[in-house]
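Both complexes below contain subunit A, partnered by subunit B and then by subunit C.
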Partner chain A sequence: MQTDKTNQDPTAVANDGLVEHFAYDNKIVKYFAYATIFWGIVGMLAGLLAALQLAFPVFNFELAYTSFGRVRPVHTNAIIFAFVGNGIFMGAYYSLQRVLQTRMFNDKLSLLNFWGWQLIIATAAVTLLMGFTTSKEYAELEWPVDIMIAVVWITFGWNMLGTIIKRRVKHIYVAVWFYIATWVAITMLHVVNSLELPVGPFKSYSVFAGVQDALVQWWYGHNAVGFFLTTPILGLMYYFLPKIANRPVYSYKLSIVHFWALIFIYIWTGPHHLLYQSLPDWAQSLGVVFSVMLIAPSWGGMVNGLATLRGAWDRVRDSAVLKFIVVAVTAYGMSTFEGPMLSIKSVNALSHFTDWTIAHVHIGGMGWNGFMIFGILYWLIPKMFNTNLYSEKLASFHFWIGTLGILLYAVPLYWAAFTQTLMWKDFNELGKLANPIFLDTVTQILPLYHTRVLGGLLYLTGAVVMVVNIWKTIAAGNCPDDEPASAPALRPLVVAAAKAEGESYHRFIERRPVQFTILSLVAVAIGGIVEFVPLFAIQSNVPTIASVRPYTPLELEGRDVYVSEGCNTCHSQQVRPFRSETERYGEYSKAGEFVYDHPFLWGSKRTGPDLARSGNPNSLMKKTNFWQYKHLVNPQEMTNGQSIMPPYPWLAENELDLDATPAKIRGMMTLGVPYAEGYDTQAVDDLRKQGQEIAADLRGQNIEVSATSEIVALIAYLQRLGRDISEAAPEAQASAAEGQDDSSK
Partner chain B sequence: MASKVKPTFHVQEQYDSKLITDHEYDGIMELDNDLPPWLMWLFYGTMFFGAFYWVHFHTFGIGPSQAEEYALESEAYEKTYNVANDNAFNESAVALYTDQARVAAGKEHYLKAGCNTCHGGAGEGIVGPNLTDAYWIHGGSPSDVFKMLKYGNLAKGMPSYSGQFSDEQIVELASYLQTFQGTQPANPKAAEGELYSGAAPAQAPAATDSATEAETPADSLAPAQEPAAEPAQG
Partner chain C sequence: MKLSNYLEHIENIEIFPIVGLVIFMAFFVLLLLWVFKSEKAVMDEHASMPFDEQEIELQHKEQTQNSNRHGQ
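On to the complex of A and B.
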């Protein structure tokens, strides 16, 4: 189908007129297509399970491997990196070869990219369910997997840049710009955010602590959205939308402006995940203003996409493919407007920690990412298999049920978010919290959680219908591994020539891919540098608190249990400076409280109450060891059957791995936590001693539990949280030994 | 479907601007449309907002910092709710409710707060003391019970419920506890503490010296009585 273009190809001046024959690698595209379909279903199933667990805790199955705290990261990682990730590779491998008029640089690298990525996903699923996690959202995978990701990602970049360099087209197309920016930014984000010190085969501690770790994580976290869920999908849009609609791209100038503005501004916006938290005000403000400035560059992509359809709108009515793509681009426009709105502090004060964020990301995930990939699949599979789609009707059905699914998913969650946040903030006429029991605000929105399950189910149903449709299409067709193509060879000298007179600067760098890549790196690096350097270098950004001390070995182990079970998935550790929060939880959180927190555990969602002050005797969150024990083992029993928290009975049976403790202490010391020299040898003794105190306390209440069990460690940690700030500084401590329920001395 | 891409873009009439002739990538061409003015104005507008925001909050420091905002909110809060007066509830003169609805609400609190896990579903006592007998470790007057519920005694394993429940709700809870008195549950825990002689038999409102006078409006928790001396906030 690729016609010989020597006569009409405008780039012909750069060609020597000799037509070269080659073949596009369709096999690799096909592999990635299968993978995106397969992992899409898996990821959506995991999401459905997670939604069911929130609605009906019985779906946690009382198993560590299937409890919400572990299932949720499996869902997010599977959707982001497995479903969308393979979808990106599918579209990129297909479009790169065609807009560059060449086969991929190296088939072996392509296969390494494919199989390496699948191996990472499989390893991720297994390790996350086993509780190996760093706790950092969308970067939960532990250090060996992080290394695998880096290797495979660099393989992809190498393969892509190699392909670009050996291209037969003088200039690189806008889709390729987006792929380049994606690769550069993700490499940077992944490497920096994964800087962690291994202390065991699948255990590491972030090299950053507290506030700094939070900033690095959300610099990463938000730009995982920006550069994994946005820029590559825009790249796909720029290839597939004009190709499918058979219309020229609306505005080349807009492509240039919105591309550079988008990648430059995106990277600054991370702090909007930390508004009203213990991040310095100036960093928060950067997050706010850059998020707001991101609206127009984001909409540039939507406008260029939708305006490209001018003259083809009549076909949208009949084509499921175009319908998917139109709704995807519209959803992109909606969520890129909503995002900046959520970044305004007064809105964020309401939205943060609620289901609003969840609804927001699902407009992006289900609408923009999901529908884009579905649309591309419905077009690409018949094309590659040289046949027609098995059923346009089924595709149309998928479109409508998918759209309905998104609505039924998102609308109830918006409603839930509004309800819950207003309940959290409501004071009665006496100035008391109108809903002092956190659980009441959960049971109130439970019906909406049920509706959300239905929305997810509809969306998944659509995807299953797609599997059938694609399956039938594949069965009827035949996809040769290689698709013959031909194009005139490109004369390297012409490409590398100095900027010609009358040639715009941008046009010039479009034929200098290496410079283009370097410029992209500069554009995406600036924001992070400007935010990190002052925060790391200037002491006053994290005012120290003299009474804040390192965790005891038992508390540290308990913290690791907390991370491993994914407690941070549902419980924040960050009291914001609002009266409604200080009434409920206690003193608002200060930056200096987190200086030994490798990693930080502020969380991003309050499905359960905040735990930042769970160990502070002045806080209403303070509970007894007995209460914590009973509640962890069976939360329903403590709440008249209403709690939706999964039970954790295994914590009482699992023993800590004390052989690993000294290495953890040494690791923390390497990271600058001031344990006394040689403390690692004494740590286990101290751990046992503290554990015995808690076990003795529980024994007094008829609970027999091992002093070195996971539950005892977790209780020790919960009893420590948020306490130091109310205590005397170390010198004064000896005199101020207070007795009640104090287990950490 | 026939989605074969032919370079049909030479039909320029249908576009309001020209195709850029030397841009062609696998059949995809580009138009030289200008940037939509409304979009550019939006962009400039957001930049202006950004500059204003920064100057307002940081360069000139006109807008409050986060900590200042909290101080302002707290000030307003204290003004609105007159916190000192809120604590006027007289904790040493608690009157229990006899109203069935109130007692039923108390039962709900009992279960919701998980009291049953320590004290048993029928108040028979498990880890926590038996609530059906007339013996009390920390005193059995409505005020004693109220204070124990409200402030707890962490050293003994009794959490504070002041955060979960309002004063009124704690009285409801205490009123429900009163209904345990004198019942005969299965597996009762042995009595602990001292006999509280003022305890009346089940179902009757407790009559303590201080409570009797405050008992008059049995249905309404009356914070309007003489202000207590110490504000118990926080």
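On to the complex of A and C.
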């Protein structure tokens, strides 16, 4: 029974000797539920806009703020951190209190977690659209936002660990293990991948360069999927699926094996994003082996989830909630089978840089994450508001239109990927590329991009129907901020620091949250350490190339424009050692070419052609300054209206911020880029000089443009890419010059 | 001296991946042994943690009804 005292102060505990009375904090769960729904719609709208832009470039609106390179990160960040992130907090705050039989540790921390997270999301949306980005996928946010994320994430961890410590049960239920691992791993990943040197209020350079930066980024990138989109959702599955099906998880033993095997193996798999790229073979092999091994724990979890429904399958027919959950867990199984397959080198040679990856992540994102969160919302909201769902029929409609949406989204993209990759690799009977013009392979798959838009639209329509259904449900019910609860007081063994006689080590760890957290950290840190230390420590892993020199100040500024506009979203800078690629682009990429690249810009998708050789005179990719200018300002004009690249007319009008250039040079020097001592003072003069050369060249073609405009800097950068390896090393140049001197004597 | 200067002199650093794999396999095998030796009753108790007592009673009732129905 609730006492008067508890009513006055929800966190107060009345003790009648055996049972303690307290209240669950439902307000925070409600807040996170609203935020999940709101940001879900925003994220899906951004995704729909991005899909429209790829199908019809007019949807870029010729504006910097709405061009694809900036909208795409808004979509990915909104879905991952805003929609799924708030969904995770919603489920975690609800389930933690119940399985630990206590209120959250501190209401103020809960609110700080909520409002801090929303502030981060809003700041992220604004800064990304303004072009402030680090370029690293799913870690695009600049350093001030990174600090905000760290603060709010620590708040969540503090609140969670505090709650676990003050729990009223001995054993910590397996769902909570997944939350702990999530917190530990994301903390580690975020800190390491965000190591960057600020050179301005919203500008920084990654402390890592080239191949090392690539490894750190994809160690982060893949584990953002592993520890933000998988482990916390598995935690939700282990709590909500048994509750919804009203039967305990199929095998608790399997859940323990699932947990440890999954968190240990996941962390190693990042290098599978860099197969056939400039990464040492041993690191690629590690990524492949662990990725294939990952099938075992992933499918163990899927089987455990589906088998929990034993004896309840008849209810799936009538329950929209169960339908969502069943398809979610099945989608998890599908994408965790597909992932390891895509990690096999021979498959990856075909799939990488194509829409296959996009289809794959959307099976996971729309199916596993989206449907799991929809299912939980449909179950949780009526329960918290003490009412029935407004319309089971509307929920069922949402399920079917959502499922159709996923199919119409993914199937065309698989088709597009097969078509395009085979076109890229096709040779004619003369031994020449059958499709030497990259754009031909894009126009071929354009109808499939149109179909993808329809898939996204159906999925969004389902979500809008859910908003109406949830709105009506909320209007009909009432959710008290504090839900009365009672539980027996904590028994002494729970708090005992020492291992009891006869108690196994695992049992002991299961009731010691701090030790459990440390052990989880060890499990997730091993993979990273084993991959990073040799790559960072042994010089032979990154052979240097004598002719590779640091970027000039103008090229460096152009590189920043490239990053700011998100060019790397659609263009890779990594020629793989395949004949189909060396014929199309030129010499394959080598680790030593990227030693001054803070950050690396290898990309992960070729919506447009690779640009690693766009400045190499021996490559077909090399174009004139005139062509680059005209193409950037109006790509359609240069391609008979066929290109789907957004136009960038503002680049010709925007001036570089030359006041920031010296700080950028100094920043690069701090990171080890060998500019001459004091070069920062000379940098702007050199920049103007190089800009004037390009502007003069363009003037010769009747184009008037400022020598210090963004477009000139970007052209300078594009003309630099891949040029160094076509030139002789400085020593060779020097000895050649000496030879000439000798012969002239 | 920079940390990397020390790291460069770690002997046989290439063996790291194998050591990692061995650590994992050993941990994994021990975990499997421990898990399968664990008492079922304790595991069942842990698995029922998301439910309150009323819900567990209902589940038992449903299970009994089901087994009666299958027995008939």
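Following the convention adopted for this analysis, the second predicted complex is superposed on the first by the 701 of 745 C-alpha atoms of A that agree within 3 Å, B and C clash if a C-alpha of one lies under 4 Å from a C-alpha of the other, contacts with A are read in each partner's own complex, and residues count from 1 in each chain.
Assume a residue touches a chain if its C-beta (ideal position, glycine included) is under 8 Å from a C-beta of that chain, and two chains touch if they have at least 3 such contacts.
Bear in mind the structure is a predicted one, so any value in this text is a computation, not a measurement.
> Kindly say whether there is room for both subunit B and subunit C on subunit A in the superposition, answering fit or clash.
Aligned through their shared chain, the two binders clash on subunit A.
> Now for A:Gly311: first (subunit B), second (subunit C), both, or neither, which partner does it touch?
In the superposition, A:Gly311 contacts both subunit B and subunit C.
> Going by the contact rule set out at the top, does A:Asp686 touch subunit B (first), subunit C (second), both, or neither?
Touch partners of A:Asp686: none, neither subunit B nor subunit C.
> Please work out whether A:Phe536 is in contact with subunit B alone, subunit C alone, both, or neither, and reply first, second, both or neither.
In the superposition, A:Phe536 contacts subunit C only.
> Check whether A:Glu20 is in contact with subunit B, with subunit C, with both or with neither, and answer first, second, both or neither.
So A:Glu20 meets neither subunit B nor subunit C here.
> Which holds for A:Arg98: it touches subunit B only (first), subunit C only (second), both, or neither?
Touch status of A:Arg98: both partners.
> Have a look at where A:Tyr252 lands relative to subunit B and subunit C in the superposition and call it first, second, both or neither.
both
> Looking at A:Gly527, would you say it contacts subunit B, subunit C, both, or neither? Reply first, second, both or neither.
second
> May I ask you to name which of subunit B and subunit C touches more residues of subunit A?
B
> If we overlay the two complexes on their shared chain A, which of subunit B and subunit C does A:Phe264 touch? Say first, second, both or neither.
A:Phe264 sits against subunit C, while subunit B stays out of touch.
> Identify the partner contact of A:Lys243: answer first if only subunit B is touched, second if only subunit C is, both if each is, neither if none is.
In the superposition, A:Lys243 touches subunit B and subunit C alike.
> Between 5-13, 113-121 or 185-193, which run of subunit B pushes into subunit C after the superposition?
It is 5-13.
> State which residues of subunit A lie in both footprints, the one left by subunit B and the one left by subunit C.
95, 98-99, 169, 171, 173, 175, 239, 242-243, 246, 248-249, 252-253, 257, 261, 282, 311
> Okay, in this complex, where on subunit B does subunit A touch?
Result: residues 1, 3-9, 14-15, 19-36, 39-40, 42-43, 46-47, 49-51, 53-54, 57-58, 65-67, 69-70, 73-74, 77, 80-83, 86, 108, 111-114, 116-118, 126-127, 154-155, 157-160, 162-166, 223, 234 of subunit B touch subunit A.
> Which residues, counting only subunit A, touch subunit C once they are in their complex?
95, 98-99, 169, 171, 173-175, 239, 242-243, 246-249, 252-253, 256-257, 260-261, 264-265, 268, 282, 286, 311, 504, 506, 526-527, 529-530, 533-534, 536-539
> Can you list the residues on subunit C that touch subunit A in the complex?
Spelled out, the residues of subunit C in touch with subunit A are 4, 7-8, 10, 13-14, 16-17, 19-20, 23-24, 27-28, 31-32, 34-36, 38, 43-51, 55, 58-59, 62, 66.
> Quick check: in the complex, which residue numbers of subunit A touch subunit B?
Contact set of subunit A toward subunit B: 1, 8-11, 95, 98-99, 101, 169, 171, 173, 175, 239, 242-244, 246, 248-255, 257, 261, 276, 281-282, 284-285, 288-290, 292-297, 299-300, 303, 307, 310-311, 319, 340, 379, 382-383, 388-389, 392, 427-428, 430-432, 436-437, 439, 577-579, 582, 584, 588, 617-624, 626-627, 630-631, 637-640, 642, 701-702, 739-741.
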